[in-house]
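The following pair of complexes shares a single chain, chain A, combined with chain B in the former and chain C in the latter.
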Partner chain A sequence: MNRSFLTNPYVLVAPGFFLAAFIILWPLLQLGQISLSEVNRFGQLKGFAGLENYVAVFTDPQFLSALARTGIWTFGIVAGTIILSVPVALVLNEDFYGRGLARIIVMLPWAVSLTMTAIVWRWALNGESGMLNSALRGLGLIDQNVQWLAQAATAFPVQIVIGILVSIPFTVTIFLGGLSSIPDDLYEAAKLEGASNWQMFSRITLPLLGPFLNIAVVMNTINVFNSFPIIWATTQGGPANSTDILVTYLYKLGFNFGKLGEASALSLMMFALLLLFTIIYVRLAMRGERA
Partner chain B sequence: MKPGRRMSPKARRTILCWLVLSPLVVAVLFPFAVMFITAIKPPTEVLRPTWWPSEVRLENFVTMWKATNFGTALMNSIYVAVLSTLISLIVSIPAAYAMSRLRFTGRGYFQQFLLVSQMLSPIVLVIGLFRLVVALKLLDNVNSVVAVYAAFNIAFSVWMLQSYFSTIPRDLEEAAWMEGASSWQALVRVFLPLALPAMVVTAIFSFINAWNEFVIALTMLRRQESYTLPIQVFSLVAGRYTVEWHHVMAAAFVATIPVAVVFAWLQRYLVRGLALGAVK
Partner chain C sequence: MSFNWLKTAFVGSVAAIALAGNAYADTVRVTVAEYSSKTGPYFEKVASEFEAANPGSDIQIEVVPWDVLQQKLTTDISGGANADLAIIGTRWLIDYVQQGVAAPLDEYMNDEFKGRFIETFLSPSVMDGKTYGLPIAASARAMYYNKELFEKAGITQPPANWDELKAAAQKIKALGGDVYGFGLQGKEIETDVYFYYAFWSQGGNLIDKDGTSGLDSEAAYKAAELYKSLIDEGLTEPGVTSLNREDVQNLFKQGRVGMMITAPFLAAQIKEEAPNLKYGVAAIPAGPNGDRGTYGVTDSIIMFENSQNKETAWKFLDYLFTTDKREEFTAGEGFLPVNKEEATRPVFAENADLKAFTDLLPNARFAPVIPGWEEIAAVTSNAIQKIYLGQGEIKPTLDAAAAEIDGIIAKNK
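Moving on, here comes the complex of A and B:
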C-alpha cells in the first residue's frame, strides 16, 4: 500500500487533538495558576499565595455541606437509577405489543435539554398553581398544597427524583446493549434443565450483565457529579444554599462571589476526583474487554 | 399453547409489561403534559391549577414568539449547533479513521486523552474557559460557544465514529488497493460512502448536545441578542417576580419537541453505537 501524506495517522489525528487540547489544556493550566495565586474579584493575579486558596475552600462550611450533599446527590441518583433501570431494561427486552412505543417513551427524557426539563418541573412543582399538587390532591394523596421547592426538606429529594428520571434512559440503553449480547441458547439450555425464571435471572442474566452494570455505575457517577442544570434551573441552590452541590457552589464561588482563587482550587480538586472515576472506568472497561 | 385459552401468551405478556412500566410512563409523560397544557391555556387560567383549559389557545405560540424574543434565540441556537457540529465532525472523521484502521505509536495516549476529555464536563473548567474566552476577546460572542462545544464534542464523535468504522469490512478498501487505487482514493471513494450513515447519526447527536447545552452558554453569553434557546427560556424564569408561564411553556415546547422527535426516532442507533463503544 502506498501511504500518502493524507493517510498518515498523525496528520489525521492532529486537527482533532489540537483543537481539543487547546480548549481543555489551556483552561486547566490557567486554573492551576489562579489556584496558587492571590486574585482580586476582577480576576487580576496579585502574587503567589501557596495553598491558601485550597485551605480556604476546605475550611468553608458551605463547601463541606455542598460536598456532603454531592455525596447524597450522586449516590441517591445512581443507586435509584440502577435499581429502576434493570427491571425496565428486562421488560423492554421482552417481546410485547407496543414495545417500540414503550422504548420511545422511556427514552424521551434523554432527548430534552435538562434545562427545559428542570424549568417545566419548576412550574409543575409550584406551590399554589403547580399541577403536581393539584394532581396529588385530586388523587386524595395530600390535602394541603406542598411548597415543594421552597424548603430544603422536599426540594432536594424532588431534585434527586428528577435526576433519576433523566438518568434512566441512558442506563437502560446500556443494559439493553448488554442484554442483547447474551446468547439465547443459554436460556434455552437452562429451560431444558428446568430452571425457573428467577434462577435464569440470577444465574445467567445478572452475572452476564455485570460488566455493563459496572460501566453504567461509573458513567452515571460521572454524569451526575457534573450535573448542573437540574438544581440551577429549579432552585439555584436555594433556599439559603440548602440544595447546593459542588458544581453549583463552584459556579457561585466563581461568578457570584468573585472568589476566583478558591473557585479554581475547587475546580482542580473536582478534576482530580473525575480523573479517579475515569481510571476506575478504564480498569472496569478493560476487564470487560478481556472477559 | 393450550387450546381453549382465551388470551395468547404474548397478549398476557403485553399487559404485564405495560403494567410494570406504567409508573415510569406516567412520570415521564407528566412534565410533557404540564408543558403542553400550560402552553395552550388562556393567560387568565394559567395560575389556576386545573388540568383542562376552558378553551384551547394556540395563539399563545404566536404571542410567545414576540414576547420571548424566540426568533433571535432560535437563530443563535441553530447557528451554534450547526457550526459546532460541522467543526467537530471535520476534525473527528479523520481521527476516527486513523483510530479504527491504523496502528501508530501514541494511539493509546490519544485514546486516553479522549476518554479524559469525555469525562470532563465543561462545568469543571468553566472558570478557565471563561478566562480563555476573555483573553480571545470573544465574550458575549456566540462563536466562543461554538468553539467550546466543538472541542468538547470531539471525544464523543471520535468514539461513535470509531465504533462504526470498525464494523466496515477492511476487505473493501484492500480490494481497491489491489486495483491500484492509492490509500487516499480508497478512503474517499470506498470508505467514506460506506461510513456516511455513521457520520449522519454522529452529527445529529452532536447537534442535539449543542442544542441542549446550558452552563457554557449561561457563562459566555451575557446579552439577550446572543442568547441560545435554553438561556433565553431560563432568563424568562430566573429572578423574575412575575413569570408568564404560558409563554415559557410554549417556548419550551417549541424548543424541545422537534429535537425530541428526531432523537426518539434515532435512539436505536445510539444504543448500537454505545453498546459497541462501551466495551471497546
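Moving on, here comes the complex of A and C:
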C-alpha cells in the first residue's frame, strides 16, 4: 500500500512527542546536568562534580529517615483512602433520596485548594484554641488539651488522616465510574440464585472493580508521594525533622539551604523511585488480570 | 516539585524577556518583601513620587511575600531575570557577595549619605570593607510582659534576670486558669533565636573565636537546662514545639501569657487587635554575670551587579533613604529607625515601647556572617526541639549539633 508521508504514524505522533519532551524530558535533562555539577545557591553551574551530590544525599541520615517516612506516608494514605472510598462509593451508587446532594458534599472538598485545607487543619489542630480539642472536650473524650502538632507521635498520624480525607473525593469518583460500568443484570441473576449481599460484593463488584482499583492505587500513589502542602502547612517537617517526607526535605535542601545540586539529585532519585514503583505495580496488576 | 522550579524559572525568564522588550532606558525593577499589607502601597506611592520628580524614569515594584522571597530571588537569579534592586535578609547577603550577585555601593555613597545611618544597623551590610546593602528594615527583640497578670500575681517589677523570671512565672502559674508564665517559642523560624536569648545571657557565643560552634559550651548547657526546667515545671505554655512565634504572640494578645520575647511589631499588632491589653516592654533578662543579648535583625536592599540602570537605581535608593520616606515606612511597619535623623522624630523618640528596644541596641547581636547560616540555624533548632521534647539529653544533643555545625562551617570554607 502506498501511504502518504503525512499519515506515517511516527509523523502523526511527533507533535505530541515533542510537546511532551519539551515539558518532561528537557527539565529532566536540566536536572540531570545540575545534579552532576557543582552549583551555587543561585543555580549557576560552577564545574563538574561527578556523583558527589548523590553521595551527599545518600549519606545524610535525614534522607534515609525521610525515605522510610515517605513509605509509611504513601502506604498509609493510599491504603486508607482505598479502604474508605469503596464503601462510600457503594453507598453513593445506591439510589436514594438526596443522592445528588450527598455526592456533591463528598466531592466538594476536592474543589478547595490543598494548601487551604491544610491551613484550616493547622488551626483546627491548634492545642490551645483548636476546634478539634474543643470538640473532643465537648464530647467528654478528653479532659486535657492534646498538643497534636507538638510531637511526631500525634502529628504524623493526624497528617496521614488529613491526607486520606483529601484523597477520598477523587478516589470515590473513579470508583463511581467503575460501579456504573457493571451491568445490573449480573446482580439480578445472582439474586435469583440466592446470593447474599456479601457474595455479590466479593464475587461480582470487587473483581469487576479491579481495573479501577489499580488506577486509583497508581494515581493516588503518584499524588501522595509528592504531596507537599499538608506536612508543610502543619509542621514544616518538624519538630526536629520528625515528620519530614522526601518532598519537604527536598524543599529545605533546595530553598532553605540553597543546595541546588543535592536537591536536583534527590528529585531525580524520587522520580526514578516513583517510576519504578508504577512500572512494577502496573506489571503485577496486569499479570493478575491475564491469569 | 522538581518540575515546579523549572516551570517557575521558565515562566520567569519568558516574563523577563517580555518585560525587557517594552523597557525603555530608565526602567528600574524593585523586588520588595511584603512585611504587611502596607508595604505594597507604600512602595507604589514612593515609586510614583520618584517618577514624577525624575521624568523618563520608570520604577516597577514587585511585592513578594516573605515566605517565598528567597525562593523567588533564587529562581530569578538562576534564570538571569532578577530585578535591579531587591530586599533581602541581611543574613543571606554573604552568598550574594561571594557569588558576585550584589554590587558594591561605595562608589555612589558620599559621607553625607553614610552619615544618615545608625552605625549598628549599617555595619551588618558591610563586608570586606565594602557596603553591599542598605538597611531598609531593622528590628530587635525585647521582653513583653502582661501588667494585669503581674499585678494579680503581686509582681511589682519586670524580671531583671532569669531567676526572677522563673519566680515570676511560678507566681503567674499559681494564679490558676489557662494562663502561663513564660511564652516559649518552639516551632519554625527563629526557634533557635529564642534559645539564644538565654544562651547569650549565660555569656555564650554562637561562633567561638576559633571559628567553631559555641553550642558545646557550658553557657549552652545552662541555657538549655533553664528552658527545659521551665517546660518541665509547667511554667511555659504546654506543647512548646507546636507553637511558632505568631502562636505565642496570639496567646500574649489573649492575655494568657505573662512574658514573652519578641519584636517591636507585636506592639503595633496589640494596638490594633487587643487595644485593652495592658502590657509593658522591658529588657531581656540578664544572666548571672549581667550578660544579656538581644537579637538584631536587618533586611538590606541590594543592587544587582547585572543591573543595566545602576544610576537611576541608585537615585531611587537615595530617595528611599531620605528622612521623611524612612519615617513613613518605619512607623507604618513597626520597625526601628535606621536613620539618625529619623530616630529623633517624635513618633519614635516619644514612644516608650520603642525605647526599651533602642536601649537594648548596644547588646544587639546579629546572625553570624558565614555561609550556610540557614542550615546551621536549622540544626540548632532541631537540637533544641529534641531537648524540649525530652527526646535527647542536653549535653550529648548539643554536642552532636555543635559537631554537625562544625562540619557545615568546614565544608563552606
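In this section, the second predicted complex is superposed on the first by the 249 of 291 C-alpha atoms of A that agree within 3 Å, B and C clash if a C-alpha of one lies under 4 Å from a C-alpha of the other, contacts with A are read in each partner's own complex, and residues count from 1 in each chain.
Rule of thumb we're sticking to: a residue touches a chain if its C-beta (ideal position, glycine included) is under 8 Å from a C-beta of that chain, and two chains touch if they have at least 3 such contacts.
What you are looking at is a predicted structure, and each value in this text was computed from that prediction instead of being measured.
When the two structures are aligned on the shared chain, A:88 is found in touch with chain B, with no touch to chain C. In the superposed three-chain model, the partner touching more residues of chain A is B, compared with the other of chain B and chain C. Contacts of A:7 after superposition: chain B is touched, whereas chain C is not reached. Legend: residue contacts after superposition of the two complexes on their common chain; A:31 is shown touching both chain B and chain C.
Touch criterion met: A:236 reaches chain B and chain C at once.
With the contact threshold set out at the top, residues 24, 27, 30-31, 43, 128-129, 226, 228, 236, 247, 250-251, 254-255, 260, 264, 267, 270-271 of chain A are in contact with chain B in one structure and with chain C in the other.
Contact residues on chain A toward chain B in their complex (touch as defined above): 1-4, 6-7, 9-13, 15-17, 19-24, 26-31, 34, 43, 84, 87-88, 91-92, 94-99, 102-117, 119-124, 128-135, 165, 168-169, 173-174, 176-178, 180-181, 211-212, 215, 222-223, 226, 228-229, 232-233, 236, 247, 250-251, 254-255, 260, 263-264, 267, 270-271, 274-275, 277-278, 281-282, 285, 288-289. Residues 10-11, 13-14, 17-18, 20-21, 24-25, 27-35, 37-38, 46-51, 87, 90-92, 94-95, 97-99, 102, 104, 106-107, 110, 112-117, 119-121, 123-132, 134, 147-148, 150-152, 154-155, 158, 177, 182-184, 187, 208, 211-215, 218-219, 230, 233-234, 237-238, 245, 248-249, 252, 255-256, 259-260, 262-264, 267-268, 270-272, 274-275, 278-280 of chain B are the ones that touch chain A when the two sit in their complex.
By the touch criterion given at the top, residues 24, 27, 30-31, 40-44, 126-129, 145, 147-151, 155, 226, 228, 235-236, 238-241, 247, 250-252, 254-258, 260, 264, 267-268, 270-271 of chain A touch chain C in their complex.
Partner chain A is touched in their complex by these residues of chain C: 1-3, 5-7, 9, 70-71, 74-75, 77-79, 95, 99, 101, 178, 186-188, 237-243, 247, 250-251, 256, 372, 374-375, 378, 381-383, 385-386, 388-389, 391.
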